[in-house]
Structures are given as C-alpha cells and as structure tokens.
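Notes to accompany the following structure.
The chains carry the letters A, B, C, D and E, assigned in the order they are written, with residues numbered from 1 in each.
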Amino acid sequence: MSAAANPSVSIQDLTLSFGTVSVLQSLNLDIAEGEFIVLLGPSGCGKSTLLNCIAGLLDISDGRIFIKGKNVTWEEPKDRGIGMVFQSYALYPQMSVEKNLSFGLKVAGTPKEEIDKRIARAAEILQIEPLLQRKPAALSGGQRQRVAIGRALVRDVDVFLFDEPLSNLDAKLRSELRVEIKRLHQRLANTMIYVTHDQIEAMTLADRIAVMRGGVIQQLDAPQAIYNRPVNRFVAGFIGSPGMNFIDGRLEEVDGGWRFGTGDLIVPLSTYGFDKQPVAGPAVFGVRPEHIGLNSGSGWPFSAKAAVDVVEPMGSDTLVWLRLGAQSLSVRVPSERAPQTGSQVEIGFDPMRASLFGEDGSRL
Amino acid sequence: MSAAANPSVSIQDLTLSFGTVSVLQSLNLDIAEGEFIVLLGPSGCGKSTLLNCIAGLLDISDGRIFIKGKNVTWEEPKDRGIGMVFQSYALYPQMSVEKNLSFGLKVAGTPKEEIDKRIARAAEILQIEPLLQRKPAALSGGQRQRVAIGRALVRDVDVFLFDEPLSNLDAKLRSELRVEIKRLHQRLANTMIYVTHDQIEAMTLADRIAVMRGGVIQQLDAPQAIYNRPVNRFVAGFIGSPGMNFIDGRLEEVDGGWRFGTGDLIVPLSTYGFDKQPVAGPAVFGVRPEHIGLNSGSGWPFSAKAAVDVVEPMGSDTLVWLRLGAQSLSVRVPSERAPQTGSQVEIGFDPMRASLFGEDGSRL
Amino acid sequence: MASTMSSAAKRPSRLFRNLSAKIASVPMILTALVVFVGGTLWTVLYSFTNSRLLPRLKFVGLDQYERLWATPRWLVSIENLAIYGVLSLIFSLVIGFVLAALLDQKIRFEDTFRTIFLYPFALSFVVTGVVWQWLLNPDFGVQAVVRSLGWESFAFDPLYNSSIVIYGVLIAALWQGTGFVMCLMLAGLRGIDEDIWKAARVDGIPAWRTYLFIVLPMMRPVLITTLVIIAAGIVKVYDLVVAQTSGGPGIASEVPAKYVYDYMFFAQNLGQGFAASTMMLLSVAIIIVPWAYLEFGRRR
Amino acid sequence: TDLEVTHWWTSGGEAAAVAELAKAFDATGNKWVDGAIAGSGGTARPIMISRITGGDPMGATQFNHGRQAEELVQAGLMRDLTDIATKGKWTEVVRPKGLLDSCTIDGKIYCVPVNIHSWQWLWLSNEAFAKAGVAVPKNWDEYVAAAPALEKAGIVPLAVGGQPWQTSGAFDVLLLAVGGTDAFLKVYKDKDGEFAGGAEIAKVFKAADDARKMSKGTNVQDWNQATNMVITGKAGGQIMGDWAQGEFQVAGKVAGKDYTCLPGLGMSNALATGGDAFYFPLLKDAEKAKAQEVLAETLLDPKTQVAFNLKKGSLPVRGDVDLNSANDCMKKGLDILAKGTVIPWTDQLLSQDTQKQKEDLFSEFFAKPDLTVEDAQKRFADIVSSAD
Amino acid sequence: MAMSQTLATDGPRGPKPRHTFSKRNIFIYGTLFVVAVYYLLPLYVMVVTSLKGMPEVRLGNIFSPPLEITFEPWVKAWATACTGLNCDGLSRGFWNSVRITVPSVILSIAIASVNGYALANWRFKGSELFFTILIIGAFIPYQVMLYPIVIILREIGLYGSLSGLVIVHSIFGMPILTLLFRNYFASLPEELFKAARVDGAGFWSIYLRIMLPMSVPIFVVAVILQITGIWNDFLFGVVYTRPETYPMTVQLNNIVNSVQGVKEYNVNMAATLLTGLVPLVVYFISGKLFVRGIAAGAVKG
C-alpha cells in the first residue's frame, strides 16, 4: 500500500527453505528510500533469515531481491551495497577497532587515504575516535556496538541491516543507543532494516513495522497504526506491554446494534469502528491495560465492577490485575491512583479504542 | 530499620573475597518471615555472590548467617532449609520432570508416598501436572522455570532463593511468570530472596528492594520509597526507565529561599523536601521523565521553553527528547499529546517530585 | 514496476557457487573418494581373488572367506579384539572419568598430576610395548621383584600365559591411553554449567551421585568424541601387540590387524589379507556407519 | 656407484657376515649402502616387496631362495641374471644343483644364492649337561630322556624362542629326523594330506609334544636369545639352523668343547638345504645396473664366499672353495653335503602362505599345552592337503 | 534487633574450618598418588635402567636405583648402536624424523584446518557426505590401506620419497583433525563469518585473516597431536621410506630388535627414551595449552 514508487529494497516472492523446513513463503516487501523498517516478531519467526536473505548470506530457494533497482538475487553480499550489524557485534577480536573498520575496505582495495578519510568520518559520527587503537575485548558493550555500526558506515552502503543490535545490552544502555541509532538515521537518511523482538525498539525506531509470524508478514504499517488497529489477534497480543486483555465471547446483534457478550458481561459496540461487516458468532474482545479507566467515574460507554487480584507497582505506573466475573483483566494506572489488593473497583473503557477479533483471529 | 523482630534470614558482617578481590564487605541484612526481598543492582555488583553465600554454596570469609534463628554459617546447603532457582534453570537434562523434582527427596531417603504427595502438590500449585513425564528439553522456557521452582517447592523449605530466574525468557513470558511468582508468594507466604537486574521485576515483586553496588547495599527500602526518594544518585539513576534526567548545576540560597541553577536555568526549590540541611555548592538536579509536564500550561512551580529533538513513540506513551538550553531532557507523555520533532514546547514540573544530590552523590 | 526490475542477473551455475570452498576441499574429497572409498572398494574387490604376492584379478568367489573363518588364528584374533575392545573401552572411560573427576576437585598440584597421567600418550605404542614387555617379564620384571622380596609363589606373568596375555596388553594400552581420555573428560566436566552443581548441592545430592546420574549423562558430546577416538584406536591396535608380545605366546594375543598384515605381506597371500580386512571393515561399518550417519550426516 | 642392499641380517653373527660382503663389494670401487631391517624376514619382506612394487626398488635384496620372490619375477620386476650366470658358469660352480634351480624360473636365473643353510641341527650345551650330571646326548631320544635331569638342575631342557618360524622350523626338523626323508618329502613335496594325518606322522607329533614339554620356561622371543641360553648354560639345547653357529662363534665358544652339535638331531643323515639369495630388481639407471652385475659376481666370488660363510656359520654355495678354517660342526655339515644326501627345504617346497599357516599352528601348539596332539595333527593334515 | 543481638553472641563465624587431613582429602590424594605411581613406574624403570651398566641390569632389581650411574647406554643408543652395518645409533633417525615430522605436521594441519573451515562455514552439497566418509575412514585399519596407497603413490610417482610419506601422514591425519577443526570453527560465532562476508572478504581472506588468528587453541591441540602421532609412527615410516630416510622409530625398532647376543636392555631403554623425548618435551611444555585447547571446543560434538 505505501510501497514507494522507487523502492530502495524490493523483495519479490521470496521463499526460503532449510531442507524440507520452509521458513519463508512467498514473502513480498517493498522498502522506500531512506525508510526505517523494523522486522518484529517472536523468536524463530524468520526475521534473521529474511535479513540474511537480503544480505545474500543465505541462498534463497525462490524469488528475487532488488536493491536500488538492481537485481541482486545472485550477487555476493559485498556487491549488494549493504552493511550489516549483528547482535553479538561480531567484531574481529584480534584486530584493533581501526583494523575492524578498515578490513572491508582493504579487502576491496580502497586506497589508503580514502580509507583513512572514511574511518575518520565514521569515528566522528559515532564518537569513537579515542577507541581506534583498542582491541574489541577492551571495549564496553555499547562501544562495541558502535564499532559494529561503524563497520557498516565506512563502507558507504545504501542499506543498513541490523539484526537485534541492542539485545545483548542492558536496559539502560539499550535505551541510550536506541536514541543514537535514531539520530544516526536522521543524519544519514539511509534505508535501514532493523530486526528486533523488543517492541519498544520497534515502536520508537520504525517508520514502518513489519510484524512477522512463522515466516509471514502479518501486518506492515506505521507503529501507531499497528498499536491502535492491529489486523489480527496475534499482532494485537504481540504489541503492547503489558499485553492486551482478551475476552472470549460472542458477537451479537441486538436491536440493530452490535454488542459483545460473555456471561454477565455485555459490551455495547456502538462506538466501535468495524473493519468489516460484522457477523454474529464467536469473537474475542481485546482491550489494552492502558485504555481501561479505574474509578474514573462517568463517561465510559462501558463500565463494570471488579475485584483487585494482584497489584504490581512499576514505578510511575502500577499494573493492577482484576477479576471481572470469570475473566482476568490487567489495567495500568498511575501509581498514585493504585487500589489495594482485595478491594472492589469500578472500571470503564471506550470500545472505540478496543479491538474485536473474529473466529479466524482477524480484526472485525 | 524495618528489621523484623524475628528475622527469617539474618546476615551479619558478611565478608567474602575471591583471593585478594573482596566482593562483599561487612554486609548486614535482616529479612523478616514471609518477606519478599529483591536484590537489585548492575551486573557484577555481587548479587549472586550474596545469594550463594546465603545458600552455603560459597565459603564466606567472615561473618555469620542465620536462617530461622539458627546459625547456619557452617551448614551444608541442603541443611539450611533453602531452595534455590537458577537463571539457567539448572534442570537435570536427562531426567523427566518428575525425576527432577523427586531426585533430591529420594537421595534424602524420603518415603515414596511422601515424595508422591509433595510432587503432586507442587505440580498442582505450578500447574505442571501434564508435563511430569517430559524431559526438560521438551519444555518451553517458562515451563522449565516452573519446574525449577518446583524443585525448591517439593523440599518444603523456609526460604526461597531466586537468581535472576526470568532473565532468560522473552518479555511476554517474563511478565506472565512475574505475576505467577507473586501469586506463589501470596499463597505460600515463604521468605523469598530474589536477585534481578530488571527493575520492573524488582518494583513489582518486592516487599523491600536492596539496591546493591560494588558489594554494598546502597538502599534497602520499599519499592515506592526507592522510586520516590532514592538515597543517592546511583539509586536514582538505576531505578526508572527511561532513566531520570540529571542536570549539573549549583545549589544557591537567594533571599532565604533555596534554588538550583545552571546557565539560564533556574529552578526554585521552595516545594522541595530536603533530607538534610542544604549547603550552597555544586549539586545535581534529578527529575524523572514521567514527572515532567508538557504544554500543560499553568500551575507548575517551574516551567520553561524547550525544543523537541527526537520523538520516540512507545505505544500508549511517547518519549520526547528535548533540548533545554545546553541540557538534554527526556519527557514521557501520552502518545496522543506527543509533539512534532523540531517544534517548541513548554515544559514544567514540581520540584517536590524531583531529587537533588550533593557533590558526594547522596540525596540532599 | 516489478517488471522493469525483473531483467538482469541470472541464477549462476550451482557448481561454481562457493568455488573456492570446493577447490579447497579437493584434498578432502580426494582422500575420501580415492583413498577411503576407492581403497576400500579395491580391497573388497580383491578379497574375492586368489591374489598372492601381487594383486591379480582371478576370482575365486568366497573361498578366502571360507578359509578365513575356518582359521583358528582368525577366530582367536576376533575373540581377543572383542575382549580387548570391550575392556579397554570400559576401563579407559571409567578410569579416565574417575581421574578427571578427582582432578576436578579443585585439588592442589592439578597440573602435575595431569601431566603425569597424560605423558604416556606422548609415547608411541612401540615404546609402550617395549617398556611393558620389560616390566612384565617374569624373569626380571614385577614378578621377579616381588619374588625377590620374599613372596616366592607370587605369579604375575601375563605375557607368558596364554589365557591372560591379552590383559597384559590391556594394562599397557590403558597406561598409554587413559591420560588422553581423562583430558577429554576433564574438558567436558569443565564445560558443565556451574549452576547444575549448585542445584545438586542445594538438593543435597552427594557428589558421586551428581557425577554419575547428572553430570555424566550431560557429557554426551564429549563421550561421543572420546568413544570415536578410543574405538578407532581399538580397531587398529597393532603396533602395541607387535612390540609387546608379537602375538604370542603362540597365537594367544593375535589381533585382526596383525592377521591382515601377516597374511598380506608375510604369507604373501593378499587375497586372504584382503578378506580379513574386509571382515574388519564390515564389522566397523556395522557399528560405525549408522552412528556416523546420525551424528554427522543428517544433523545440520 | 652406490647400491642399496636390503636384508634382515642384524644379529651379531649375521652383521659380521654382511660386513664381509660389503667389504668385498666396496673393494670393487662401488659402495654398499646397507639397508638392514631388523626383526626377521617377516618384518623386512613386506617392506622390500612394497618398495619393489611401489616403483622405488633397492639395488639388491635378500630373500630366502625358493618361492618368496616368485611372483615378483613373474611380474617382470626382477632382473634376469642369466647372462651373468652364463658368464660366471654358475651352473657349474654352484652346488648342490638344487640351489640354482630355486633361482630359475622358466629357464632364466633371477637370483644369486650366497649360502646354504640347513635347519637340522641340535645345539647342546656341554656345561648344562655337566651340571645336570648326565652325559651329552647323541640323539633326540637320549636328549628327551635326559630332560628330567636337566629340569631338576633348574635348566630349561630345550630353548625355543617365541617367534613362530622357530617352532614351525623345529617341527620340520623333527619331521625329517623322526619321520625320515621319505615321510618329509611325502608331506611337503607331494602334499599328501592323508599321510600327514596318519600314524607315521603321529610319531613326529609325539616328538613335538616332547619338545613342547621340554621347552617350558623359555621366556625369550628371538632365536639368538634362545641360542644365548644354550651358550650360557641356562638351557640344555636348541633346535636351530646352522646360523646359530655364528652366535657360538661370536661368544667365543668352541665346538666340541663348549657345545655339541648334532646334525639331523643325530637321527637322520640327510641335510635339507635352504639358504639365502640375493635378488636384483630391474633398475632404470644404467650405472646402477652395472653395479648390480658387479655385486652379483662379487657375491659368488670364492673368497667372499669363504669369508662370508665362516662368519655366518653357513655353508658356501661353491664346491670349489677351501674351507680349512671351518670348525667341527661345519665340517660335519660339509661331509653330509659331500655325500650328496641333500633334500630341498620347505622354503622351496611350500608357498609362504602355507608356511605361515604352519607357523601359526606350531606357535600355538608350543605355547598352548592344552592343544592336543591329535587336534594339532588333524589341523596339520588340513594345511598339508590345501597347501600349494 | 534484640533478637539479632542474641544471635550474634554465639555460634560459628567466618569460613568453615577445613581439615587438611579430612577423609575426603586422604581419599582423593591417596587415589591420585597411587595412580600416579602406576603411571610413573615405567618411566622410572626406563630412566633407571638406561643409567645402569649391563652387569647391573642382569643381576639387579629393575626398580633399584643404579649403583653406578653410566651414560654409556645413552651414548651408545644415540651414536653407536648397530643395525646391520650401520652403527650410528639413533642420531641419523632423529634428523630424518625431524625432516618427516615438520612438513607432515604443517601440511596435514593446513589441509585439515581448511577442510574443517570449509565444512563449518561453507557447506556445499555433499560436503557432509565427504566428511562422513572421512570419519568412517578414521576407523579403517591402516594395514588395509597400505597396499592401495602403495599403488596410488606409485601412480603419482612419489613412492619412497619424503613427499610421499608427508602425503600419507596428511591423509591419515585428516579425519580426526578435520573433525577437531570443524567442531572448533562451528563453535565460533557464525555472525563473525557473516560480517566478514558482508565486508567483502572471500574464502581465503576470511580463513587467513579472521579465522586463523582466532583458532590458536585448536592449532595447539592439532600440532601436539600431529607431532606425537607422526613422530611416533612406525608403520608408514618403515613402509614408505628407504633406509637413508628411516625415522627414529624405525631405528629404534632396529636397535631393540637387533639382538647381538644378549639384549642390551639399558641401551634399549636409553634408545626408547631418546625416541620418546621430542613428544615428551612437547607435552611437558605445552600440556597446559593442550588441555585448554581441548576444552576450547575440540570436544564440542
């Protein structure tokens, strides 16, 4: 839908199998020039595999890959105009940082001055000038990560590929480097394809997110769209932490209006924006913990009483686990408004911000 | 301070060195019966070491350890009445889940019926009945974790020790199991000592958190106390994600009122609750991103204009990086109120919710 | 749009992908195909002939095999190999593992002990055979020494007693080889997750039980590597027997490899030697091939 | 020209004898490059054969003449020496004639016999018998009778080394001595399996059984170690070929005084002749080929023959040499040779394959007391009937 | 607080006391000591015997230390012991062994490491099949291959030359070394290899510039294994060489088996020790690296 007119990377009918195990099936993906695409999905869904196919590190079984309009399906990785950054940094341990950066250029036979110039530029961008003579073992995790990025940077590539570049770092460093990568992208304006299974990274970095599952792209959209209008239950459950609350029940038409119900619980759906024509039948109702109000009184199209089960303070916010009839619900509230365990509360939400999924899991 | 009258675990002057490297120095810690204590701190600060000392897995250099009032300093681990759960699960890979649970009991010569009873109970509590005949390799991460907990459970111990039991799991599973552990604690009411470097876990689970650094407990307090009134800059920076904003500047007394300033930026401290008598001099001002208001108009004791640098949407919330004079600030706002990159915004906060640190890093 | 791109770049020939890797593997491929497969097929083929000093293609059907299995020496050789193989496999694994476990107790002088256990591995079988022949010689070896100490009836002369000579060979073989097994085991032990030990201690499981029931099963990869190395050595045992006993007394310590060698070169009956080696290959194949297939063929 | 010569003569007496050959060859202006391979023909022969078939032949190599090199010759790898032989009139000088026949294949001569060895000797230690207080026996039966006395004196009656060829050879000697010439030939030449399993041969096995009982306690491998037991009086005697003579000589013992030799075990008057011969692989290098000729001639040179055989303890292959310096035992041998009661030895009669099977059988027989005489004979008969 | 004070006054404190002579220690060190004696005895006997004169050897107890130390057996073993007509002892064989061992070790390791690298990182169709064949080949008795290899070497004209022997050693060293290297390279992070490929390095430059510098531990293991294996080899040395290039083990066999009258056990022992010296020294010097190397991935299956 939002495929660019002149895509930077275009993947057509990509199929990849390891022996009899098919990991990617007829995958299509167009990425615009300068776009920051994040591949997000649970472990084993084929994110790294897809990235490796783009990089040319795996021999694909079928399909084509274009980078900058050129068919690179059978090109060597080095000829594809890509740079790649790995989760484990993959720095050459016996070489100094400078050697690490220059290795690729030397192999390609770039003249000495040119190499020096490029290293100087990359070092400046990444602020690793003082580290150039050190060995990777003498660097901290964040520094290593920067050198790994530098290695792609010096090669002046069109497309950056990142395979979970931050997941080996601790939370603090991760959020710092996340911002740095974002700044880098703003500065370089290269196309970037970024694999992660951390949704915060995905949400904060991406222009568009491709949520994958079992080798298939479930939804490819801007972060907010994915957050607010997940195309199916998988995407809905995968995005958001703590996860969306799901309630199994039935979709019914009563008096010309649609409503969702299970047991005592009846949710009127007058404010809900259906994606397709609804049909009565089993359905799953999903609402995010942060979209449920607690004791906030009036104004909600839906409200009910619930018992507090567990209270999990998380700093500024507190996660409250409620029992609503037979259902368990989590609600995120500011810490100062957190109720006591065991108390009764009044909850409410607007179905407009909720999602309803049909029997096949797709959004209604 | 809140040491119980009859501590379940009491650690006195615990010192531990590996050769010449001293990891723990004269550490004291009293843990009340049924309390859930979390040891939190950066990697290498000695959390695991402390836990291993309590378990009797390391020979301490000096000090005493009491469990249930009994001096266990020289006892074997199995005689201490403790159960331990490891980060890597440490399940015996070639034994079925049932064998894993029963092995310790069998070795101890517990009668068969008793073993069966205890396993049945543990399996019921942890809901792993269907898995009893499986080998660990055939279990998912979360299931393995449960079995590891079960191994401690069947031994009917007084104290549970957890060493980063969730850090090998993915985010989703982690948050689910977190709730389960919390429920387990509520049900069993055992004393639990839990090591983690994940602050969400610490905040949500703990009755009290001991924040460690370099083998020394920095602060031992309830989660909210640690969040709101960190005793020093280290604790302040370590707790909270995204991290607290720190601004270097000076503390000055002007017209009998204290204020904090650097460059153009002047923050009046009339609403700030000092921990000790303030003295003029260099200081660091810390304010959490979630405590800064954006464009919310009036009412803030402090407000200023800032430029938006980077915007990081994270789902329901958005992290906004601002440039305030020479300082960089992060602010967390609901996504619907997120500003545009490059725009000018008005920020404000109440110093009451901020923290001020002296030159030595301790809270003023 | 896609159609404008779809030109260019044809799929290159499969053969030339990773060409360097293939070229670099030529020695391996040649060795595998020409030496191992080729040599084996050649051997099998000629085992059906009556080749004497020189190989010649005069087929005699299964004659060589019939004769082989009617030869007492071959039967003795097989029996010896079975006894020697089973015992040396068991003992070197057990001793190697026990030694490794002892060395793993954070003991002092670990390096010294390890070196002592390992040094015989540096010596050739010829040397080992010579030394142990000398030590076990009843006239001046251990037996003589013990007798000279006053225990006149002491008898320990495995090399001159047909019924136990193979154990004499075993003693020497174990002396030579267990150090290396210990080394492999030690490496394996060091690779076991520290937490497992802790978990077992907390569970109150005694150390020996932990070793036996928990750690040992976890060392499968090491055990397999060790097994391959020991087993490969066992089938090939030759130098040691030649140097230590020359197959004697009589034919009591003969082994298949020696039978092959003797009949191929000494008796100048290549056909018989080839038949014997084919039988050896066959037994190796029955044991090894399914395992090697599982271990290396299918995985990855 | 350097010429590499491989052989397995490494014991004291043998090495001394080879030195004579080398000396004589070096005197011709060439150079003898010694390629000794220790550990008897069993170790050495495979190496020699591999090298010849592998295309890296030596200049000359020792084999037992007989059938060991047959196939190498048939494969065209060995040099035809007929011309040299004609020139040197070998057919006339070499004696007994059977020797050269063994070198002849399809009418062409391929080897140079250098000595005659006979296996049928019993070497007895005078000192041992003196110690046991019995007279030095004159034949096998007396020897068997004297065994208990020797044993009582702590002496091993019969030294038999552990190497298989020694036991097998000892049996053949017994076969010839106890069974007689006809029986020997019937078994080994005619390969009469039925006869080999018969009553006549059973006698021989009875004698072998005696020998096996008498040999208990010989904990040595090499033949010369066994000989050494006789030399030092630790053993009463040894059945061994005439090469044992060399060891006695090196040890400075005197025949008749320190030791006694009984050809044919004192029972048979026939002497079987085996021996060593040199073969010459076909070489491309013309100069080396020339040197080969020189060596061939040197080997049969009368002077060389005498010097070599005196050291080796064997008999020269020429009848026309002067052997005044020969000792007591050697003269006994020469006498028999002169009478012409010579028969071919197993090297000529049997293939190596059969020899090896025989060796396996007898080495087992001697080492394993519970292998019964009957079983052994039956197996022997099988080997004989399938022999070639 | 009050409670903890009452606690503080009594009971054990500090590290648990350890007895040097605990039952456990006696058992461990006792066992190790006994086993060590078993392992050292042969070496001791060899050394002691090699320092005795022949009369003493014949009369004395093999375990008794020499009454009169003589180095003559060593001199004889090294320089004058005879095989046939050659009376220069082991000295010649030593240099032959060096000449055989050095190129064989280098070539075999070079080939095997490249093989292992290709198998671990550049799998191609059939590569695993060849590898499986190779591993099965490790079980084939050498004697079986002796003859075919004679033929192969003859056909390529290398029979009897040093290069022929070097090739033979490389062939028979290949299975186990390739296994070692393959396992080691497979245990290195694959991402490193991918990074190098993206950087444009090819097969050889990745091998030489990335992999080699990282595989010192496994090279140590391989070198040690090969030095001992090749130095100690007898069968190939005797079959595929000629007398002037006989390695030391063949000379040793010749000396030990060339009995001149009585066995000179002292000379034999000295010769044995001399022959074993090179691998022994290698082990004593680098034993630690050996163990470390094995732990560093050699045994990862």
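The definition used in the following text is that a residue touches a chain if its C-beta (ideal position, glycine included) is under 8 Å from a C-beta of that chain, and two chains touch if they have at least 3 such contacts.
These figures come from a predicted structure and were not determined experimentally.
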Touching both chain A and chain C (chains): B, E
Chain hops separating chain E from chain D, counting only touching neighbours: 1
Highest C-beta pair count, chain pair: C-E
Where chain C and chain D are represented by their mean Cα positions, the distance between them in whole Å: 38
Geometric centre distance via CA averages, chain B-chain A, whole Å: 26
Centroid distance [mean C-alpha coordinates] between chain D and chain B, Å: 92
Chain centre separation in whole Å, for chain D relative to chain A (CA means): 90
For chain A, residues that touch 2 or more chains besides their own: none
Where chain C touches two or more other chains, by residue: 17, 261, 264
In chain D, residues with contacts to at least two other chains: 46, 50, 53
Touching residues (chain side chain A, partner chain E) in the complex: 52, 55-57, 76-78, 82-84, 86-88, 90-94, 103-104, 107-108, 148, 151-152, 155, 163
List of chain A residues in touch with chain B within their complex: 42-43, 170-172, 175, 178-179, 182-183, 186, 197-200, 203-205, 223-224, 227, 238-243, 288, 290-291, 310, 312-317, 319, 321, 332, 335
Residues of chain D defined as touching chain C within the complex: 42, 45-46, 49-50, 53, 68, 70-72, 75, 162-164, 219, 221, 351-353, 355-357, 360, 363-368, 379, 386
Of chain C, residues touching chain E in the complex: 14, 17-18, 20-22, 24-25, 27-29, 31-40, 42-43, 55, 99, 102-103, 105, 107, 111, 113-127, 130-132, 134-135, 140-141, 144-145, 148, 175, 179, 183-184, 186-188, 190-191, 220-222, 224-226, 228-229, 231-232, 235-236, 238-239, 243, 256-257, 260-261, 264, 270, 273, 277, 280-281, 284-285, 288-289, 292-293, 295-297, 300
Sites on chain E touched by chain C in the complex: 28-29, 31-32, 35-36, 38-43, 45-46, 49, 61-63, 111, 114-115, 117-119, 122-125, 127-149, 151-152, 170-171, 174, 176, 178-179, 183, 202-204, 228, 231-235, 249, 252-253, 256, 265, 268-269, 272, 275-276, 279-280, 282-284, 287-288, 290-291, 294-295, 298-301
